[in-house]
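Next come two complexes built around subunit A: one with subunit B, the other with subunit C.
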Partner chain A sequence: MTPGRSVENALLAGPMVLFLLAVLGFPTVLSMIYGFSETGFQTLTAPQFSGLKNFRDVTADPAFWQAAWFSLRFGAITALLQCGLGLALAVHLAPLARAHGWTVAILIIPMIVAPAMMGLMYRLVLHEFAGPVPHYLYSWFGWSPSFLGPANVFKTVVLAETLQWTPFAFLLFLTACQSIPQDLREAAAVDGTRPWRLFWKIELPLMMPTVFVALFIRFIDGFRVFDNIYTLVGAGPGGSTTSISIYIYETFLRRGEIGKALAAAILLFVTAFVLLSVAQRLLRGRAP
Partner chain B sequence: MTFRTCLRTGAAALALVASGAAHAEVTVLGWPGGPEEAALRAVTEIYNARADLAEENKVELLFTSRDGFFDKLQVDLAAGSTAFDINLIATYSIGRYAPFMDPVTLSDQAGAVFGDTVLKTMQFDGQQYGVPTDLSLHFLYYRTDLIDALLADDAAKAKYSEIAMKHLGKAMEPKAPADWTWEDFVANALYFTQSINPESPTRYGTVIQAKNLLFNMMVFHSWPRSYGGNWMDDTGAITVDSEAFRTALSQARMLFDLGATPPDSTSYEYAEANAAFASGQVAAMVQWNAAAGELTAAQAATGTTAPPAGPDGRFTHIHGLGLGLNKAAENKDGAIAFLQWLSTEEAALAYARAGGAPGLASATAAKLAADRPDLVQVGEFASTYGFVMNGGTSENALSVYEVQAKEFTGYWAGTQDLDTALKNTAAAMTDLLK
Partner chain C sequence: MKPRLTLRWIVFAIAAFAMNFPVLATLITAFKPPGEVSRNPSLWINAPTLENFATVLTVSDRLNVYHYLWNSTVAALIGALLPMIVAFPLAWAMVRRGTGRGVLFPLVVNLRALPLIIFAIPLYMMYSAIGLLDTRLGLGLILAVVNLPLTLMLLVNAVAEIPGEIEEAAHMDGARLLRLLTKVVLPLCRPALITTFVFGFITAWNEFLFGLMLTTRDAVPMTVGASFFFATSGGGVQWGTAAAVMIVAALPPLVLGLVMYRRISGSMVAGAVKG
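Up next, the complex of A and B:
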């Protein structure tokens, strides 16, 4: 690259780099400072360095581990459900989607709705006295489960998340499925391969990189879930539906423990970063 | 465009902004939506129409969303925002906002207009931080048709006694709600629950809004307070792990365990609980006074009285919304003048007539008996039964409510036992209120 071209590149990339530094860099640096400081709303402009105290407080807080366990379970279960369902739908509906592209648009509608709106919608739909679902269950069977009661609330939030985000996994798998050369399928058919064996031995192995990516993206998204759970049931009785993001929000704004909240956020960031690195290594290892 | 032209344009824009800034007004950040906004708009119009009011002291209103209002306000105040001169405060958040606000001196009429109990809802460390504009407390809402039928039917009374004997260990007689103790409240709730009494006309005897939300703890507090419960004693020692809280929490838990409140009510807040009562499937509930219009409109046969009594008497949690002075205000003189006017009888009556719910002393409330009879009851209950827990206006009061909401709802939902809930609450409160 010539010196002139290098200067030109720097000039062109400069504004974008400055923008990213301002939008992402500044909050990140500030979060790091507050995460290692004794900070409240009264001392926002004069944080006192406190070393690792906030991190010790966070890791000694049972509520943090309760939230971490909730996020882990929620992220893993919803990722598996969404990817399982999305894969089944993609393989099953691929011929239909190929023939009628508009069906895909209908299937991805839930993904377009804002998660917070989805939470509010379920809050209304599942309310025992105002919601249509319990109303009809009472009318037809004289009974309705308490969808948002302590016994069922976890299943309900998992179901709500799965219904909303399965289309995302479906879209990824449909693209992967349609990119498999048709010749391979035809050759397998000529050899008398049955559909299940075709899927298991040819299609699925070719789609595995996409499966890993989808699982990873959906797990991270589920792990850091906030808006739909918060609008649907809040932090839950005894903190039973408190995810890591809800824990951070409540610690920061409701309890005013800014340093502790940002220490938890840094831990969340580091965890996500490590998981991302591991996933990338795995994907590189599997690449042909 | 040349560099020189750019500079000229920038200077012109700056001059325009500067001229706007010189045209200072008093900006009030109010509580958005609902009757509070309508009432504030009405009194602001009256104030701005005063002939002796200088142009630069006219009041303009600023409203944001209710969602996360107090969180956003906290950030704004802490950052020294000058976007508003006067801001909303609430009893439970005064201590948190006090470092960023200035105390105010109210008009000479304030004591007579509001009375001491209500003025105290806007005080912190002995200083007045705001004008009380709206008062919130709790009513016991009940279905008069159901209670009348129960009191008139001997067979129903016998069934009531049988249910009370089975679950509360004593054969109780039904009473009129104005005479209820909390045990009567529980017995009534059990009697009107279909899973306990298949003859009940309602599915549930009561609805307890038990979402893990700080406001729900305020609704609950009248219960332990009537058994003598408080957050702290006079020496500052935390007293939440007491027989009073144990009794109230256990009684409420019994209602969850026996299905006398909807199982989903661990996710209910104000709107959901109201919807349950309005559906006609709930016999009685303790709810904010603000719900009176909505609930009586939905169920014509709805009566209201003060919350049930305990051995220490009858109590209702009270808290006020009010308006106070931002320490970083740019037009302090104008803001103080408006706050002082707001604490006069003229302003309080206009605010009430426009739909607000100020807590007024009985003499002032009597002047509204024809227009706002509900305010007479609010004023009477506030002065007779109103209480604020020791520490209820402290810097960390909101956090205390948060802790209690988490721990107590956990106990009600069965995710932890009573000892653990109270131990965790006491430990957190000791830290927060030290």
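Up next, the complex of A and C:
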């Protein structure tokens, strides 16, 4: 490579590198400093080094572990539900989607609505007095559960997340399903293969890489959930819907425990990094 | 074959209704007169009215929706355009010369998988030190980070699809690199640029967490402004007006998204599969 070229390449990559350094590099350094310091909003400019104290505080806080457990459960359950539903819908509706493209547009509307707005909308829809869902349940069955009460709130947020993001899984699977060569299906039909068997023996195996990708993406998005839960119920009764993101937010802005919040964020970063590396190694091993 | 097709339409109708139910119910509520919502929570409107929209679109000391809309528009424009500007030259260098394939590309793409809250706190402290807190520029900058991974992936795909011969032909004419990029590569990437922009704009518009943390008054975006409206009215939420606020907030991305849904869904799939 000529020296002229390497200068050129540096110039081409330059804007991105500078941008990353400014918007992410500098804050990362700040995290490191404050994560290991004693700080409040009053002493923001004069952090006192305190070693691992913040990390001990976080790991000794039962609310942190409750939030981590909530995020894990929420991410895993919603990812499985969304991918199951999305796969079934994609395989069943693929012929319809091929003939009438607009049906896909209708089904992806929830994804274009801000999750925060969706949370607020569910607040209206599920409201005891103003919401249509309790209204119809009362008039048809004379009974309606308290959707946001301690007993049901987990199911409610899982349902809301699932209904909003099943379209994402649906879209991935629809694309995967439509890229399966049609002659494979026709050959199977000539052999007299039943549709159910066609799905298990031919379609599903071919779509398996997409299934892993979809599960992975939906798990990550569920794990880091903030917007829709925050606008629908906030931290939830007894902190029952406090995801790890909500925990860090509340620790920081509500309680002003900056060092502790940063320590939690650093722990989260390290965990996410490790999980990501492992997952990518696994996915790469499977992908063609 | 006929009954199977009918079944597909029924399944489609149920799925579409269930998944879009909150949007539908909010839309209906927005057209109910203020007094009707609590008396009649059903999906039927007794006396349709535009009153709620009139309230929302009238400036009052409690709610100035234009302010929120303007903040969201400016921040989302920065959030969509800036990543394209920094990613475009890199995308070209990456495809044609392999620059940054080893470290830069995985680094940027993996940002998509990190919980955003990790960056929110240090950014808050950095912003408060340099005066970017509660500004549209500050909000736009972090929205640009949110859009960076998908923007880079889509632009790399776009450049990779340009046949190398076209560029070589331009090189023969003695075109310099800058001219090559702006006069040849950029126009050829136009469809991808439009898709990337629209997708980035929608994502940035819909973002909530950074708006909540990094703005307080002057630069509050529409998503956060709408949630304020719920909080400040305490127990007695004006459901009709609240519904109208949500419709106004959700409308810009919905219109953009539905007009371009084929491209949007295409880029969602591309982003997922390549990542």
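A few notes on this one:
Note that the second predicted complex is superposed on the first by the 287 of 288 C-alpha atoms of A that agree within 3 Å, B and C clash if a C-alpha of one lies under 4 Å from a C-alpha of the other, contacts with A are read in each partner's own complex, and residues count from 1 in each chain.
As a working rule, a contact is a pair of C-beta atoms (placed from the backbone, for glycine too) under 8 Å apart; a residue touches a chain by one contact, two chains touch by 3 or more.
Since we're looking at a predicted model, the values are computed, not measured.
By the touch criterion defined above, A:M208 lies against neither subunit B nor subunit C after alignment on the C-alpha atoms of chain A. Of the two partner chains, subunit B is the only one that A:V233 touches; subunit C does not reach it.
When the two structures are aligned on the shared chain, A:I220 is found in touch with subunit C, with no touch to subunit B. Of the two partner chains, subunit C is the only one that A:A272 touches; subunit B does not reach it.
In the superposition on chain A, A:E250 makes contact with subunit B only, while subunit C stays out of contact range.
Shared-chain residue A:A189: touches no atom of subunit B or subunit C. When both complexes are overlaid on chain A, the residue A:S146 reaches subunit B alone and has no touch with subunit C. One of subunit B and subunit C touches more residues of subunit A, and that partner is C.
Contacts of A:F129 after superposition on the shared chain: both subunit B and subunit C are touched. Comparing the two interfaces of subunit A, the one with subunit B and the one with subunit C have residues 44, 123, 127, 129-130, 253 in common. Listing the residues of subunit C that touch subunit A in their complex gives 5, 8-9, 11-12, 15-16, 18-23, 25-26, 29, 37-38, 41-43, 82, 85-87, 89-90, 92-93, 97, 99-100, 104, 107-108, 110-111, 113-126, 128, 141-142, 144-145, 152, 177, 202, 205-209, 212-213, 223-224, 226-227, 230, 237, 239, 242-243, 246, 249-250, 253-254, 257-258, 261-262, 264-265, 268-269, 272-273, 275. On the side of subunit A, the complex with subunit C involves touching residues 5, 8-9, 11-20, 23-24, 26-28, 30-31, 34, 44, 89, 92-93, 95-96, 101, 103-118, 120-125, 127, 129-132, 134-136, 160, 163-164, 166-168, 171-172, 175, 210, 213-214, 217, 220, 223-224, 226-227, 230-231, 244-245, 248-249, 252-253, 258, 261-262, 265-266, 268-269, 272, 276. Of all the residues in subunit A, the ones that touch subunit B in their complex are 41-42, 44, 63, 123, 126-130, 146-151, 153, 232-240, 250, 253-256.
Touching subunit A in their complex are the following residues of subunit B: 68, 71, 74-75, 77-79, 96, 99, 210-214, 262-264, 266-267, 272, 275-276, 278-279, 281, 396, 398-399, 402, 406-407, 409-416.
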